[in-house]
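Here the chain labels run A, B and C in written order, and each chain numbers its own residues starting at 1.
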Amino acid sequence: MFDVIFIGLSLGSILLLVALGLAITYGAMGVINMAHGEMVMVGAYTTVMGGLWLHIGFLASLPLAFVITGLLGWAIERIVVRRLYGRLLDTLLATWGVAILLQQAVRLEFGLSFFGIHIRGLGPGLQNVKVPAWMTGVVSIGGDQVNIYRLFIILVTAALTFVTWLLMFRSDIGIQVRAITRNPRMAAACGIDVQRINALTFAYGSGLAGVAGVMMSGFKTVFPDMGSAMVVDGFMVVVVGGVGSLLGSVLSAGLLGQVNGGVAAVTNDILARAVVFGLVILIIIIKPTGLFSFKGR
Amino acid sequence: MTVALTIDGIGVSFAGVKAVDNVSMLVHEGELRVLLGANGAGKTTLMDLISGKTRSTDGRVFLFETEITNWSPNRIARAGIGRKFQIPSVFRDFSVRGNLNVASCTDPRIRSNLGIGIPRTRRQRIEEVLELTGLAEFAETPAANLSHGQTQWLELGMLIVQNPKLLLLDEPTAGMTQNETHKTAEIIKGLRGQHTILVVEHDMAFVREIAEQITVMHLGRVLAEGSMTAIERNEAVRHAYLGSYGISAEAV
Amino acid sequence: MITQRRLDRAAYILFIALILLAPLVLGDFWVNRIAKFLVFGIVAVAVSLCWGYGGILNLGQGLFFGAGAYMLAMSLKLASATSMQQGSDHPVPDFMLWNADPGAPTELCCINRGSFLWLPFQWQWFGVVMGILLPVLLAGGLGLVVFRKRIAGVFVSVITLALVLLVRLVVIDAQPLTNGFNGLTDLGTFHVAGFGFDPYARATYYLVAGFLILTLVGSRLLVETRAGLILQAIRDDQNRARYLGFDVPIYQLFFFTVSAAISGLAGMLYVIVAEFASPTFMDLSFSITMVVWAALGGRASLLGACIGAILINVIAASISETATFVEAWKAIIGVVFVLVVLYLPRGLAGFAQDFGERLERRFADSGKTTTPGVIPQAQVPRGQAP
């Protein structure tokens, strides 16, 4: 029983890890970033490339991926997303184009493969990442064997969630972000540099996805298309949790993770995912504002 | 005289606050009734209750003999109540004529709307309404390009095309220039007699121009009812709404 | 106004003439390929109808396409030669025998737990009817709930997206019934009154082209009806439409279902032309690709969306000789798509319309009969425009 719950918990924390960035870009900024999954992918490739070329370890890749994907997110916001605020479905479509571009950039090695130049670690093939030996073991908690890597994921997710909460609800930047969420024009009139804050928020959300990518690379094969399935999962977590509610995202990630783990334990992974999709549809139909939205009025 | 609209002890509360509390009112056929009251007096909420936007918790609403309490908005509209919103809403991607064309489809069923084109009798009506609202020369203009006043008139025109039994107009002159307000008054006066109209309005000059009967609301209740002069003399109204300056001060 | 209408009609006639004449200059291989792209053109019409005219962005159009495809593919699978040669009097799909438990009966009725569902598909027309009926029922059921609950915008997109992915997983998981990941291949030929539609034959091309023209013209007429106008009005301002007395969900449901039926039809035609049905039809990327076609061509133009779909695929096919170019093409599509959303939100059709308007104005200018009142926009303050 405990191991089923634990697996559900670790599944949920991976979901949350991916969803956390989306919760900010979608929840706070009203942008459906379909390239979010590609940020995860870029994060994963940072680990691969960092190991191959810079000989840095798994842990050192975490901040590096955060910076790289953060910069990438910042660029995407400046070039594409900036022009689309208020046009929700158009942000979805445009960022889908960005997503394809990023996938192809990795697959074609930035186009160099046309000239016969190949970069080790990129290209269409599968990549694997070695996690440090101490992470692969198990540890015993209350008599149950627990995989250290899964435990590590849960802890990192918890830490990132806490940091995000601090940033959003206990910092000056967070106040500005929330003001823009409520009313961008009013916020601008109050002297908030809306453009700068938007770019920063988007960069932060993307950076979180990059960190998720590093974590992901430790137990999944890394390949150019790996992100597209994730963005769907992450997106569903956010919608089910209630758009704009950080706590909602946490709880819904936990819920969907537990359902996924629980159903998978009785049937198989494919059906478990199908059940999760079905649950998501039901929840949206019954409560379109999300399970855990605490809206007044 | 036949009673067009009967409101019988209607009420609704939001989070424990009674926004409209036991309001009763009769509006006769062909009458032009003005609803007055300060912000939060419950005028718009009352319109919401009549038009089905808000579900009432107590009381009943009748349109002529038919009880329409808590029907869905589209059913109420179909029964003959046309509602103009405070913030004008029209179909911005359509031309002025296109807006009226859509509004003129008075049969709501898909089956009967699978034909192309607007029947001649209705086209005639649309021309009349274009004249009445003064939008004839803008008939092919996209609604998105209209001025604020013109948008208000278009929305009014869309309702008139449907020949409703009762028109609910929520601040039809909000944000208008003096000229536009005057023209709106002319349009509404032109409708008098043919339609029963209930207007919410703040602009006293406008009210003075059009009003026959006035109902004053205060804190969700009906405070007074009567002609313009009667309302001006009414002590309770002076006290609650107009302050000691009297009704004319409000116009400035 | 008149010129615009005339140009529009000319575009339709030109397009129809073009696809009817294309086989005269194309080889068999290309006839088959273009036929596939025409099928995608039909899908794009369905997307445009639903999204451009109804404002409903369905990210699960692949569900209806896939449903149509699988229904007909089941019939054609039973009609294939291999299904007849499995040692039974009645056809049995080969993959069912490969997956059968040892000692299981080799009859379609009971080879596995769900195989009886295949029984009626022995009649090809059952498959054809189901190919329309299933998408209609799915869309009707979903739409009834979603639109009645006044779920709109992105939430509809998420629901349709989740649903297509759900069904895809169920189809993959039901391996003994559906052949899972591999899909249904090795299909028989579609027959009408003894005439077989060989995928590479001109007849098959014209079958698809005929349905495309039918769909295109039919949809065009449909959006010009009063019901079509009301649908567009609902897209513009749902609330205003409701307070004018229109039952908004019914209209949305109707057009959503029509769009689903068209997608189902396209799915069936695709099976006839491409000779397979697979879960990839219900991949997320395929459904979004359909939206991309419509967006590039012009979401609010049925013909534009249709041409968009065909054009993209023709270009992709012509440069797909080299494998790496295919990948490069995807990247180009990505960039082009971003640019279109940013700078050309009305797609190629919008571009063409602007061009037509400029032409019209030139004509109007050259004729000296213009009176001051002809261009009323000039007198209207534009302050209200967003």
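Note that in this section a contact is a pair of C-beta atoms (placed from the backbone, for glycine too) under 8 Å apart; a residue touches a chain by one contact, two chains touch by 3 or more.
Since the structure is predicted, the reported quantities are computational estimates derived from the model, not experimental observations.
Asker: According to the touch definition, list the chains common to the neighbour sets of subunit B and subunit C.
Answerer: Correct list: empty, since no chain touches both.
Asker: Please identify which chain has its centre, taken as the mean of its CA atoms, farthest from the centre of subunit C.
Answerer: For subunit C, the chain whose C-alpha mean is farthest off is B.
Asker: Roughly how far is subunit B from subunit C, going centre to centre by Cα mean, in whole Å?
Answerer: Taking the average C-alpha coordinate of subunit B and of subunit C, the gap between them is 44 Å.
Asker: In whole angstrom, what separates the CA-based centres of subunit A and subunit C?
Answerer: Whole-Å distance between the two chain centres: 32.
Asker: Using mean CA coordinates as chain centres, what's the gap between subunit A and subunit B in Å?
Answerer: Going by mean C-alpha positions, subunit A sits 50 Å from subunit B.
Asker: In subunit B, what residues contact two or more other chains?
Answerer: In subunit B, nothing touches at least two other chains.
Asker: Within their complex, state which residues of subunit C touch subunit A.
Answerer: Its residues touching subunit A are 57, 145-146, 149, 151, 153-155, 157-159, 161-163, 165-166, 169-170, 172-173, 284-285, 288, 291-292, 295, 324, 327-328, 330-331, 333-338, 341-342, 345.
Asker: For the complex, which residues does subunit C have touching subunit B?
Answerer: 1, 221-222, 224-227, 229-230, 232-233, 235-237, 239-248, 250-251, 254, 373, 376-377, 380-386
Asker: Quick one: which bits of subunit B touch subunit C in the complex? Just the residue numbers, please.
Answerer: Within the complex, subunit B contacts subunit C at residues 51, 73-75, 77-78, 82-83, 85, 89-94, 98-99, 101-103, 105-106, 108, 110, 113-118, 137-138, 140-142, 144-148, 150-151, 155, 158, 162.
Asker: What does subunit A use to touch subunit C in their complex?
Answerer: Per the stated touch rule, the residues are 32, 80, 83-84, 88-90, 92-94, 96-101, 103-105, 107-108, 111, 113-114, 124, 228-229, 232, 235-236, 239, 268, 270-271, 273-274, 277-278, 280-281, 284-285, 288.
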